[in-house]
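The data blocks that follow each hold one structure.
Okay, so chain A shows up in both of these, paired with chain B first and chain C after.
Right, the complex of A and B next:
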């Protein structure tokens, strides 16, 4: 149903427009003065300046795989992150660790681990669901590439972003 | 089993969780509780195996009717018998129901028992759910959530046992995960009749192992993986390949022999990961053989035919479907019915066989038969007849002789040069006993198949078709049961559903009206074959319908049997020669 909106009735002051122009100009002059006194905050000069130092601890950047102190890739390819990932950005191909390997006790590792960073929505569910403390959202936010293939982080890239983690539970270590 | 035939047994009154029910005599208490809607957790009990009662998970409270001085049960205010509850819990898996007994499945005592049993079972269980193949379908996980506690009070060190132990060619064992339920041991004794598994050592150090010098290598070994309630027994083939919650489960049947075991095909994104048996007491109970279970790898082989091909200037070239079909029809139409032969397959569905018959009719040929395929059977599930649909061919080809008995006559006609055009559908020419050079000389040689072989390389037209997991259809098993195949994955490349290829070929040859779906084909079979009348795909259902009473069929003619034996012998010889040469 159409509604007729009544036009506001302007009094003689409003019809003159002059007070409104003066009020507007006053704001402009105030900003000009603040700028001259150095009180106005201006845009950060990105990319010469970066956010990195002021990112909060809970910042959710690119997901990454980590190694523990022993150098073992912590991921055991349980595929829970692949299952939980809302945009289905993660693809894992598991494989068996050969019995001659130093970490043979763990039995399973990700042969391939791809995260499609075009799909990733940085929700952090992969980190939350991981039973092995193997995937973490790091503070990298500038994820760029020239091709779609560039935007898929493979296992090497993910481990490079992730680095080594200290102080996590080492449940696969040989017990006494 | 007696509980599956309620009519012949007297009914007994049983009180389960304060409600009175009636069950036929001989029903296990654990089954009665489940039927009454109170599921009792269990590890060692399996309805197709004996009950040793060693996991103690199915503990319940039980009582007998209170008897008065006159040895009659005393009645309560509601007119029902009063129950004297026994002070200690009982296992529900090893006892049958009795008149007037009472069962409590969720009393405080029962819950305390379940919590205690769960705690004991988890004492030495490793925390490797993230890498365990059973995770997602693990009874220990499920019951731990439902009946256990979330914390462990165990401070000592867990007992270490062998991990990744090879039990046999297809089964790998993780002894730390084993909860010693003995289902696998009983399966091997009672179903597979190959008593190779057993427990050794004592107390917490007890482990499952094969007898020294023996392996779990019988043809039913992978069923132990299915019935293992935890991740102790794992399939070496499926191990670490895919987490089970990703698998799309399609109900289908196994096509590796005439038994037609009911299966579930686990797939993800058009890749088949595993086949597991599906319960059907009229066919395969809860089991299937390893041979049939693993017989799907060929569908992903490199030799898979992906594109239709036609021979141009002596070479096979890829083409599109319309060209291939038109070319095949054109080539076939050059010859009269007496010069054309069609070899169909006992691995084709009823619908495909029916369309093959229609094709033969529109070409006017009478040379049509399937290739008989025999192997050594056993008295468990594996049938001697390795064609899954011999009975379908028997009904639909409508030939007076046994399916396969005319094969050698057709082969002779090919050898003598009478046959100028041969269409071989889903079969290898190796089974014909005709030299390859002779086939290469045929002016028209049309091959519809899944994999390329020496015959498809000599063909004039190659039509890539679908495997059993890629199509819908119906088959009749060796006992006359009509069962349904369902599509689990899409065919790779340009391969097409067999029935569509045949329909297009019939239309191109000049006969046949439009059939739009496989359900149409099924309906048309019902019009010509009386056993199919009134049935549809949905009426077949997941468990199939018995449509053929095998004992009513006329006896096989001895000469037919002789011819089939000859054809099978030729195959065996050829196979031996081929395996020697490779």
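Right, the complex of A and C next:
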């Protein structure tokens, strides 16, 4: 059944359009004026201003390896992160620590540790699963490269992002 | 023709065209983007140079380097002719507009012809040929619709445009644009007419039809220059760019510049007819020293710039009219209002005591 949509009856003032046009012009000039006076909040100028200072504590950025206070890579190459990683972005080649080494008791260390940042989905499962608190998600979010090879973070790159962490971090108590 | 006249005329043409109008056109594009950005709470172009000031140069370079594509089915001759026809009338019209008083004794108008406003209307209405030819020669649906819309729109609004200024010339008694400015210097600007004569209530009667005339004329100029709310020929959302859909590279740029040049010319004519041209109360004309001559030119272009801002302000406030609304507005309202307005002014002038 056809329905007739009732049109509102306009009075002569509304039918003249001019008051509405003037009201519209007043609104736009108000925005223009506020912009000129610097009262308007505008968007962040990205490459010059960055998010870094306003990122929340629990932000999940690029995963990274950390060293402890002795300068040892905390990772013991248990490969749990490699197995848990949903997109299989992590590749670890473990090696044995020689018995003459100061940390011979640790037994294993990662000879190679690559994270393919094209695959990584920033889920943070590697961080959750790590028994040694060796891998963390940092606040780096602008990960770029010109080639696919650029986008694979090797051990040096991961340690560079990660830096040094002292002592035990109660990662279950608070957000990192 | 003595050589002095020829040399000064050439200097005026080169000066006004290459030093004022063309930079103004390219920076009108920049200003448009900045004004729209400010109105919409954005920043606008700010990457190329300080505050994005080199943006027009970058745009031009980009357009120059684009592929100049002519569709296979297009009518090549008219396809190439149309962009030229879109820019030319807007720039020619500026020839009769007095943009200053005198500078070192030389009148600051390129051609002070005694049919001034008729010349303006005759040439400005040629602008429609650029658009119609572009729409037709492209041999494509959307440009064709844009061209048809443009021609009917221009015809509808040309009428009220011409009729709206007749009251001005009834008062001035001459079609020469310099006389219009001279009359306004003596009797006050036409938007606030007869300021010097405010004790005479009869003259105040004339203020009402002059304001009506001004409003109708400005709206008709909006329609004539294809600016929003009357930009139906290009109507990006419905016609995919309208008449210039098929154009690329510098041909497209010419249409773009033509639109802005038409806007500048329209503003210049509004400023001359209703805002007293180069006159500003308290500033003497160029016969009192060259510095005043320069100030008069600056005053004129300041008025033009202010009017261009109004053009942009309106564009970013009002939505586009529907096509039937546009036609209704043109034929049923502005045409009649302008026509009645002429009779009102004529009647007041006929019975005006002690003019």
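Throughout what follows, the second predicted complex is superposed on the first by the 128 of 176 C-alpha atoms of A that agree within 3 Å, B and C clash if a C-alpha of one lies under 4 Å from a C-alpha of the other, contacts with A are read in each partner's own complex, and residues count from 1 in each chain.
Quick note on the criterion: contacts are C-beta pairs under 8 Å (C-beta built on N, C-alpha and C of every residue); 3 or more make two chains touch, one makes a residue touch a chain.
In this text, all values refer to a predicted model and were calculated from it rather than measured experimentally.
K.L.:
Which of the two, chain B or chain C, is in touch with more residues of chain A?
P.N.:
The partner with more contacted residues on chain A is B.
K.L.:
Touching A:94, do we find chain B (first), chain C (second), both, or neither?
P.N.:
first
K.L.:
Would you check which partner chain A:25 touches, where first means chain B only, second means chain C only, and both and neither mean what they say?
P.N.:
second
K.L.:
Looking at A:106, would you say it contacts chain B, chain C, both, or neither? Reply first, second, both or neither.
P.N.:
A:106 sits against chain B, while chain C stays out of touch.
K.L.:
So, A:132: does it touch chain B (first), chain C (second), both, or neither?
P.N.:
Only chain B; A:132 stays clear of chain C.
K.L.:
What is the contact status of A:36 with respect to chain B (first) and chain C (second): first, second, both, or neither?
P.N.:
A:36: touches chain C, not chain B.
K.L.:
Which holds for A:80: it touches chain B only (first), chain C only (second), both, or neither?
P.N.:
First partner only.
K.L.:
For the complex, give me every residue of chain C touching chain A.
P.N.:
Counting only chain C, the residues touching chain A are 35, 37-43, 46, 313-314, 316-318.
K.L.:
What residues of chain B sit close enough to touch chain A in their complex?
P.N.:
These residues of chain B touch chain A: 127-131, 135, 157-158, 163-164, 239-243, 245-246.
K.L.:
Name, in rising order, each residue of chain A that touches chain C in their complex.
P.N.:
Checking each residue of chain A against chain C gives 21, 24-25, 27-29, 31-32, 34-36, 40, 42-43, 45.
K.L.:
Can you name the residues of chain A that touch chain B in the complex?
P.N.:
76-80, 82-83, 94-96, 99, 105-108, 131-132, 171, 175-176
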